[in-house]
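Next up, some structures in structure tokens.
Each of the two complexes below includes subunit A, the first together with subunit B, the second together with subunit C.
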Partner chain A sequence: MELVVFYTLAGFSVVGALLMVTRKSPLAGALALVVSMAALAGLFAMLHAEFVFILQILLYAGAIMVLIIFTIMLLNLSPKELKERPVGKVKGLIIFAATVAGFLGFLRVLLMLPEGVPYVAPTFGNIEEVGALMLSSYMFPFEVISVLLLVAIVGIVVLAKKSI
Partner chain B sequence: MVTIHHFMVLSAVLFFIGVFGVLFRRNLIVIFMSIELMLNAVNLSFVTFARYTQSMDGHVVAFFVMALAAAEAAIGLAILVMIFRNRATVQADDLSLMRD
Partner chain C sequence: MTIHLIGLGKAVFIWGLALMCVPILIWFERKGAAFIQDRVGPNRASILGVRLAGFIHNFSDVVKLLTKEMMVPAHANKWYFMLAPFVGITVILFAFAVIPWADNFRFGGWDIPMQVTSLNGGILFILAITSLEVYGVVLAGWSSNNKFSLLGGLRSSAQMVSYEVPLALSLIGVFMVFGTVQLGEIVTGQGNLLFGFLPKWGIFVQPLGFILFLTSVFAETNRNPFDLPEGESEIVAGYHTEYSGIRFALFYVGEYVAIVLGAAMVTTLFFGGWQIPYLPTARLISNAPMVLKVMLIFGAIVSLAAGAALVVYDKRLRGTWPKGDLRNQEGRILATVAFLMFAAHLVAIAYFWSIDMPDWGRATVALLAQIGAFVVKLLFFCWLFIWVRWTLPRFRYDQLMRLGWKTLLPLAFVNILITGLVLLLVDRAGS
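After this line comes the complex of A and B, so read on.
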């Protein structure tokens, strides 16, 4: 039963990702990516990560994708501007071989991981537990992230102005 | 039984689809979305390791990655709009001033 759920969600996320990479229209790609990210949110729920699951829906499938789709519509590209210039054959083959080799190397490392599913408490991954960890051991990175977000906001305001 | 291998293979597949997107496509928006996909795949492996090592540190790191991705998305898209306003192009190989 668990395997069926896993393969369904995995299928949705992989097909969504493939469509995103192969579609010519960026808007179709963005919509496929939303499906992929929603399926990933389901996988997070399978891994007992409630907090990350909620954030994935809110932040990725929600906020970031809305921003991307909004930008695509704002740019309003014509078919001429969307015309894809393919990568050269030799170059493409080299890239393909290198990526597949990297993937196989990764799988080789993966085989060393232990089998078996350890037990986790029902409270594992809920907002209370993750929040307590985040605001104790990870206090400093948390503050750094808030400064980073502030810098990002200022940076966008500067970029978006026509003349500074 | 869904083991760590299932999730890690899925994570690797998604990551390498993202790599293909970055290397084979010339459209800046698609390259950008491929980077988001790669970040998502890495998040999946963080959360997987959190589950199978029974410690929640992976969840916290995944949260930081998401915050970083949000900042990156906002700035990246602002830069993209600026490039389009000044150069009227979204093709990566039209922007080769620093390369040749």
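After this line comes the complex of A and C, so read on.
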């Protein structure tokens, strides 16, 4: 049963990613990426990273991709206006095959190492654990990221204003 | 295998509840609007003469929408045009997976939680789903090749994205008070008593959070007073202008399902969900025969009163329609149904009066009482949505955005601050 779910989600993820890189229209690519992200979120849930599952949908598929889709829709480029990338089909296929083979080889090596596949505690991925870590060991990065986001927001407002 | 079947049954139940509330809501909307505006409302559609005060209009609407021509505008992007309504309705139904509708069903060795799934992220799942809803709106607005649709779609999505922030922040106060993100535990935590006599409902411990949350939910579902994106007199119908037939029906149903979801969230977080005040589950189970009798007697009284009212209605109605018209018989038919239900209640009371209730009977009675409490609160909040819609005028778009970012957001932060301070002082006073 779990295998069926895994193959379905992985299939959606891979097909979504493939569609994204092969579509001419940028909007189709963006929507395919949303499907791929949602399937990835499902895979995270299968690995018991439940908090990351929700964050993936909430932030990635729900906020970042919406922003990208807004940009694409407002720019409204038709596929004819976008230039073709000068990489031939055969060359692209060879690069793709080489990348996949390299990654699979890396994964195989990793699985052979004893500490390549760590066992996690039963409470791994819980929101309580992540929250406790964020406020104890990772307190400084947490605060610094908040300041960084504030700087980004203020910068956007300043850049987007027509006159100060 | 049994686990999967039970989960499937729960999913079917909650989806059925959500979707069955939609025709009731549509009826509330029209009759409620008419009531507030001092007119009668639709009351013409009838089946074999029975009009049910306008409820049959739901069926006639469905038939009309199914048989209407489904047009796709010229030069519209067909694929996205057809995709948008499906995204709109499907995504919103997923959010009902974490709403609890009763306490755990304990009987024998079984302990079945009464929500489809208890995710570790709890209510964050619903926030994630509301952020996915934007896709339906944006795709519909953009693919219609219509300036009004595009404007409505962009405004609506900007509004939904803006109001997600106060929505999430107003919930942080609730998380701080109840100490958990999971909805089942939040509802269980609302069973305690505050100061000894007040049930620890969310609204008593988080009044400002309730107001902020309610306002943000109105804005998230594009309901008045935040419905400029689909305001009829302003930009035709916003992002669903070009949709007709079953596609429009899907958008319409999706909007009402979002209302039911908003009402369910308000009930669960701030009004105790399925909790009946002063009657925790243990007391319900130990007093189950009494609870059952009370419910049956209440049902009997309601049926009797309905029957009497319908007899009066029949006297007033008889002869007002032309001879042979079936609508003359409506009062008599409905009165017969009401008296039959009264008789059924009496039979049930006689049967259950002195029966020795087994364990599963007690658990079932407690379950039904809690589901009843949940549904009553849900319908009350759905009615609140409709009430506010026909009472308040619409916000202008810049006023809307200003309210979201400049008023609700700082208030949400103040709420978090005050909640934190109060919790700190209470904790220090207690220990």
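Going forward, the second predicted complex is superposed on the first by the 121 of 164 C-alpha atoms of A that agree within 3 Å, B and C clash if a C-alpha of one lies under 4 Å from a C-alpha of the other, contacts with A are read in each partner's own complex, and residues count from 1 in each chain.
Heads up, the rule we're going with is that a contact is a pair of C-beta atoms (placed from the backbone, for glycine too) under 8 Å apart; a residue touches a chain by one contact, two chains touch by 3 or more.
Owing to the predicted nature of the structure, the values given are computational and were not obtained by experimental measurement.
Engineer: If we overlay the two complexes on their shared chain A, which of subunit B and subunit C does A:I94 touch? Say first, second, both or neither.
Structural biologist: A:I94 contacts neither subunit B nor subunit C.
Engineer: Should A:S13 be classified as contacting the first partner (subunit B), the second (subunit C), both, or neither?
Structural biologist: In the superposition, A:S13 touches subunit B alone.
Engineer: Considering only the touch criterion stated at the top, classify A:G62 as touching first (subunit B), second (subunit C), both, or neither.
Structural biologist: second
Engineer: If we overlay the two complexes on their shared chain A, which of subunit B and subunit C does A:M139 touch? Say first, second, both or neither.
Structural biologist: In the superposition, A:M139 contacts neither subunit B nor subunit C.
Engineer: Would you sort A:A30 into first (subunit B), second (subunit C), both or neither based on which partner it touches?
Structural biologist: A:A30 contacts subunit B only, not subunit C.
Engineer: Taking the superposition on A as described, I'd like to know which of subunit B and subunit C A:M73 touches: first, second, both or neither.
Structural biologist: Only subunit C is touched by A:M73; subunit B is not.
Engineer: Name the contact category of A:F51: first (subunit B only), second (subunit C only), both, or neither.
Structural biologist: both
Engineer: After superposing on the shared chain, does subunit C or subunit B touch more subunit A residues?
Structural biologist: Larger number of subunit A residues touched: B.
Engineer: Give me the intersection of subunit A's contacts with subunit B and its contacts with subunit C, in residue numbers.
Structural biologist: On subunit A, the overlap between the subunit B and subunit C contacts is residues 51, 55, 63, 125.
Engineer: So in the complex, which bits of subunit B are touching subunit A?
Structural biologist: 1-10, 12-14, 16-21, 23-27, 29-30, 32-34, 36-37, 40, 43-44, 47-48, 50-54, 56-57, 59-60, 62-64, 66-71, 73-75, 77-82, 84, 88-91, 93
Engineer: Once bound in the complex, which stretches of subunit A touch subunit C?
Structural biologist: 27, 31, 34, 50-51, 53-55, 57-58, 61-63, 66, 69-70, 73, 125-127
Engineer: Mind listing the subunit C positions that touch subunit A in their complex?
Structural biologist: 80, 119-122, 124-125, 127-129, 131-132, 134-135, 138, 142, 154, 157, 161, 181
Engineer: Flag every residue of subunit A that touches subunit B in the complex, lowest number first.
Structural biologist: 2-3, 6, 10, 13-14, 17-18, 20-21, 26, 29-30, 33, 36-37, 40, 43-44, 46-49, 51-52, 55-56, 59-60, 63-64, 67-68, 71-72, 74-75, 77, 81-82, 84-85, 87, 92, 95, 99, 102-103, 106-107, 110, 113-120, 124-125, 129-130, 133-134, 137-138, 141-142, 145, 148-149, 151-153, 155-156, 159-160
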